[in-house]
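When the chains are written out, they are named A, B and C in that same order, and each has its own residue count from 1.
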Amino acid sequence: MIDEIKIKSTQKEEYIDITSRIASAMQRQKRVNGLLHLFVPHTTAAITINENADPDVMRDIGKGLAEIVPTSGFRHSEGNSPAHIKSSLIGASLTVNIENKELCLGTWQGVYFCEFDGPRERKVWITFHA
Amino acid sequence: MIDEIKIKSTQKEEYIDITSRIASAMQRQKRVNGLLHLFVPHTTAAITINENADPDVMRDIGKGLAEIVPTSGFRHSEGNSPAHIKSSLIGASLTVNIENKELCLGTWQGVYFCEFDGPRERKVWITFHA
Amino acid sequence: MIDEIKIKSTQKEEYIDITSRIASAMQRQKRVNGLLHLFVPHTTAAITINENADPDVMRDIGKGLAEIVPTSGFRHSEGNSPAHIKSSLIGASLTVNIENKELCLGTWQGVYFCEFDGPRERKVWITFHA
């Protein structure tokens, strides 16, 4: 593992832009080209790439997911089944190409940690592969 | 390919924990660190990471997906379009970091093969990359 | 990067089979085995693997997604929030194993570029890793 990002979410549901923290972790590495693997070791959180220009986009994604995922009729006693469903829909891992130590992202893209059952202390594991 | 896991699903929809089978495949390898790639070569199945402590979580995910995905109004004559939709929502591939031959998963995480159109004989392809 | 596929979508929503274009890019490489990384540098598009035998399958997936994702109640002024939601649900990246320069896909699988806010000029970035 090249780095572990620690995230302290403050709300029940929250989309946190971690692009610059990932870029910094990358800058500290010796290798310049490869595949960056981002992994969320939690089952009620996820990671996604989407627009980081207008903050309303991630807000709308949260609102959309809230309408898409049912909120009742579940058995799991912790009561956070909607968060588990969102985690599997969005996904716990991402891969991004690295060239010259830079994340190869599109103009409007950022990497977001998705908290679906906060507030909690969370982690994102970063590994780098040839 | 380092291994192919064969899965015999027994129900129309089923979430099968394959974590220990993947870990065993990894143990048989010589290389100790890298990126594990898991791939489902089917279009009505998927692979996801979620909680493997309380079995109600995967049951609730199945119930949630059943409510999310429409069940009628489709053209595909095989009648399994909802299964194709679930496959693209959850995804056919996953990557997990490997350190010292161990899958780097969070405390509550397991890897699940998702059958959306069973019962069938299925496969998961495992490859290992530097 | 080993290649960049340029795609000109012609409709608001469109699912374009890019399997043969990816296979061609792979054929032009020297390396024969590895992990292919496909990345969509856009926030209102995605990439998925699903059936490419019956075109009704991708049509039904589009119809299903249209029913799943809400179409109103958003703040983002461009009016394309449903497209951003679909992008995060389906995902902007994919990994596929390569053996002997061939994409390791199942019998019925193809790789689809998913346009959710066209018509536009789009790209898919292809990288190859050990």
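One rule holds in what follows: a contact is a pair of C-beta atoms (placed from the backbone, for glycine too) under 8 Å apart; a residue touches a chain by one contact, two chains touch by 3 or more.
Quick caveat, the model's predicted, so the values are computed rather than measured.
*Asks:* Count the smallest number of chain-to-chain hops linking chain B with chain C, moving only between touching chains.
*Replies:* Counted as steps through touching chains, the separation is 1.
*Asks:* Give me the superposition rotation angle from chain A to chain C, based on Cα atoms, as a multiple of 5 degrees.
*Replies:* That pair's rotation angle lands at 120 degrees.
*Asks:* Express in whole angstrom the distance between the two chain centres, defined as the mean CA positions of chain A and chain B.
*Replies:* Roughly 20 Å separates the two chain centres.
*Asks:* Give the residues of chain C that touch two or more other chains, as numbers and ranges in rising order.
*Replies:* 35, 68, 89, 91, 95, 129-130
*Asks:* Contact residues on chain A for chain C in the complex?
*Replies:* Residue list for chain A touching chain C: 34-35, 48-51, 54, 56-57, 59-61, 63-65, 67-68, 89-91, 94-97, 99, 104-109, 129-130.
*Asks:* Chain C touches which residues of chain B in the complex?
*Replies:* Residues of chain B touching chain C: 1, 35, 37, 39-43, 68-70, 73-78, 81-82, 84-85, 87-89, 91-93, 95, 125, 127, 129-130.
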